[in-house]
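So, here come the structures, one by one.
First subunit A sits with subunit B, and in the next complex the same chain sits with subunit C.
Up next, the complex of A and B:
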């Protein structure tokens, strides 16, 4: 299964696969309806890829993601909810790498982690 | 944009009539082309008739006098009927040779512009009752033309022999007279038949136009009428829907608290939704020894998120009224349980609410719980703002959030301000996609902190609107000043 890709004029995600597993690096802004649709489809593919590779963990680097509005952020909540509702053997850990200098990350990532404290780590 | 919208609406209703008119114009255009081709046939026939008459005259003259100029005139006169014959044979072939037909009609003195129409008419209607009789007469006439050509060749040979073959010349002159006698009525018939064909064609086209008009215009009117009725129905439905949305917006505005002077607190707030119905909410409710203050934001905006905000406010009112002594964390968990049940289980929606609930006390203590934007506290003692993170979780996605809803406390000194706001304030972006941000918000508050709280709210909105004239999200701000009554003066 090939790695998923996300490239829109305002938002892109670089996906790499290394010894530590999959890493998704989000870059740009996620605020339009088009970005939300693209993000939804991308995260569904990302989840499928992680499951197909039986990943133990997935890193999500939000560092270069300057802005995400609440509608787009809902897609990450949905992703996390989907993973957390699976049997434990089919779950994988999500490590969100944050940039504390970015306001939205300071305000939102902690709350995201509370959805599945056993699955989420904010680095 | 409004003009384009009106044109679209008009076209949406009238397009069947426009289509009918266009179809009629197409039929009229085709009719005009056909009639033009018919007229070209009539002209061509006159050239054909004149050519054969002149050819007989000049050949007879040549037979009598032997003048080569008469023979040349005969050949020239015969050229037009021979060209028409060439074209007819080219078009009558199972595999019509259009180039040959064009050359033939040009030789037959048909105008260049009319040739394609004449060819088309022959191919489309050559076998029909309109054209078949004319073409039959034309074919018979061409047989005489061919014979006349042969007679001319024979006559030239007889005239060129030495001595002149007078007997052969006599025989051929007699033959010319026979041809002339037989061809003359045929030519008249050909001419009359073509005139009749023209009349029949004209009548047929009139009938076609009449039928097309009788079908297309009523059909267009009927369809346009249907579209108009549907459009009117949609307009009525839209009006109804708009009224309902307006009512929802009024309900949402109506349930916002009338803030002002509370014991120990001056409060001012404003919410401006991006859509008619917003996804932001706030509330202020008196409680024993203080009050409840809440602010929240449902992801997105519009009618569905507006409904969730109203649910949130209703649940808040129920919880705080029924359990006035409970802490904010317990109240937030209870509100979450209601939202999870309504939004997640019943509505099957993935909406979530960022929400923080504060319980203020008259002694300046503020307990709070939930997850929302950072709280801003302006300290009178320093004249600066402090920001406080809210370390809870969002409402809606999970049934039980007790474990992730801590309760925290801060303390206000007399004169301190506490500012609550939604992301529409700090995420308002200018043309360069630069957010208004928390720092600018703090700067506005610090600049206006000693003014009445309603003026501080007005200043925040003024600066946000100036920063981002185009509003994309609901914007809410609530400012409260802790202002305990002055202690009574000691009695001497």
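Up next, the complex of A and C:
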């Protein structure tokens, strides 16, 4: 299975695969209807890829992300919900990274970590 | 955009004659002038105000009736330590009631606990996030209130303190404790 891709005029995600597993680096603005739809499709593919690789963890970097609105943020909530509803043996951990100088990133990732305490770690 | 002095110290307004989501791109830039006063408004507060303005305006565009909407930033002289982000738009009684009910729910409990409940509810719904006002209260630490008068819905988001670059934000999320015994 090839790595998923997300490239829209306003939002993109760079996906890499290394010794530590998959890393997703989000860049741009996640705030339009088109971005939300692209994000939904991309995160479904990201989940399929992680499962196909039997990943123990994936890294998700919000650092370069300029903004995410609540509709797009919900797509990450749905991703966590999907993973959490599987048997534990089929789950993987999500390690989120924020730019420490950006308050909304810290706050939003803290919300995700509280929402899915057994899955999410903030690096 | 207009800037005027009234009974309040400062009012900055951005008017949206048409309710189109494409106009949201102007919202973040709207508040960038606050960077000219770094001793009064630090980056954390600017982030809170910007998220609040964006989420409020997005709601106004999605749920407002025609005739546009207005986004305001106010600095009242009687409360110089606080800043107010306000949206005004025509709305149906039903949508105004829903906004009011969400704000009531937030004010009755701990906003962060209510936010987590709403995250779970939102995950179970196919469409609509219902998270905008929650983010403002729980993630930005803003205090929300609503008023519906003559068909116009006002939603106010007050900052709880004017923070400088050297003062911590309302909540330091980097050091916040996460309880790991509760699943989603």
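The criterion applied here is as follows: the second predicted complex is superposed on the first by the 123 of 123 C-alpha atoms of A that agree within 3 Å, B and C clash if a C-alpha of one lies under 4 Å from a C-alpha of the other, contacts with A are read in each partner's own complex, and residues count from 1 in each chain.
In this text, a contact is a pair of C-beta atoms (placed from the backbone, for glycine too) under 8 Å apart; a residue touches a chain by one contact, two chains touch by 3 or more.
Source: prediction; values computed, not measured.
S.K.: What does the overlay on subunit A give for subunit B and subunit C, a clash or a fit?
M.R.: clash
S.K.: Kindly classify A:111 by the partners it touches after superposition: subunit B alone (first), subunit C alone (second), both, or neither?
M.R.: Touch partners of A:111: subunit B and subunit C.
S.K.: Give one of first, second, both or neither to describe whether A:33 is in contact with subunit B, with subunit C, with both, or with none.
M.R.: In the superposed model, A:33 contacts subunit C only, not subunit B.
S.K.: Should A:102 be classified as contacting the first partner (subunit B), the second (subunit C), both, or neither?
M.R.: After superposition on chain A, A:102 lies in contact with subunit C alone.
S.K.: Regarding the shared-chain residue A:70, is it in contact with subunit B (first), subunit C (second), both, or neither?
M.R.: both
S.K.: Quick one: name whichever of subunit B and subunit C touches more residues of subunit A.
M.R.: Result: the larger residue contact count on subunit A belongs to C.
S.K.: Can you pull the subunit A residues that subunit B and subunit C both touch?
M.R.: 29, 31, 67, 69-71, 73-74, 77-78, 81, 103-104, 106-107, 110-111, 114-115, 117
S.K.: Using the touch definition from the top, list the residues of subunit B that touch subunit A in their complex.
M.R.: Against subunit A, the touching part of subunit B is residues 297, 299-300, 350-352, 354, 371-374, 389, 391-394, 397-398, 401, 403-404, 423, 426-427, 429, 433, 435, 437-438, 472-473.
S.K.: For subunit A, which residues are in contact with subunit C within the complex?
M.R.: Interface residues on subunit A, with respect to subunit C: 29, 31-33, 67, 69-71, 73-74, 77-78, 80-81, 84, 100-104, 106-111, 113-119, 122.
S.K.: List the residues on subunit C that touch subunit A in their complex, please.
M.R.: Residues 21-22, 24-25, 28, 43-44, 47-48, 50-51, 54-55, 58, 112, 115-116, 119-120, 122-123, 129, 131-132, 134-135, 138-140, 169, 171, 173-174, 176, 178-184.
S.K.: Along subunit A, where are the residues that touch subunit B in the complex?
M.R.: That would be residues 29, 31, 67, 69-71, 73-74, 77-78, 81, 103-104, 106-107, 110-111, 114-115, 117 of subunit A.
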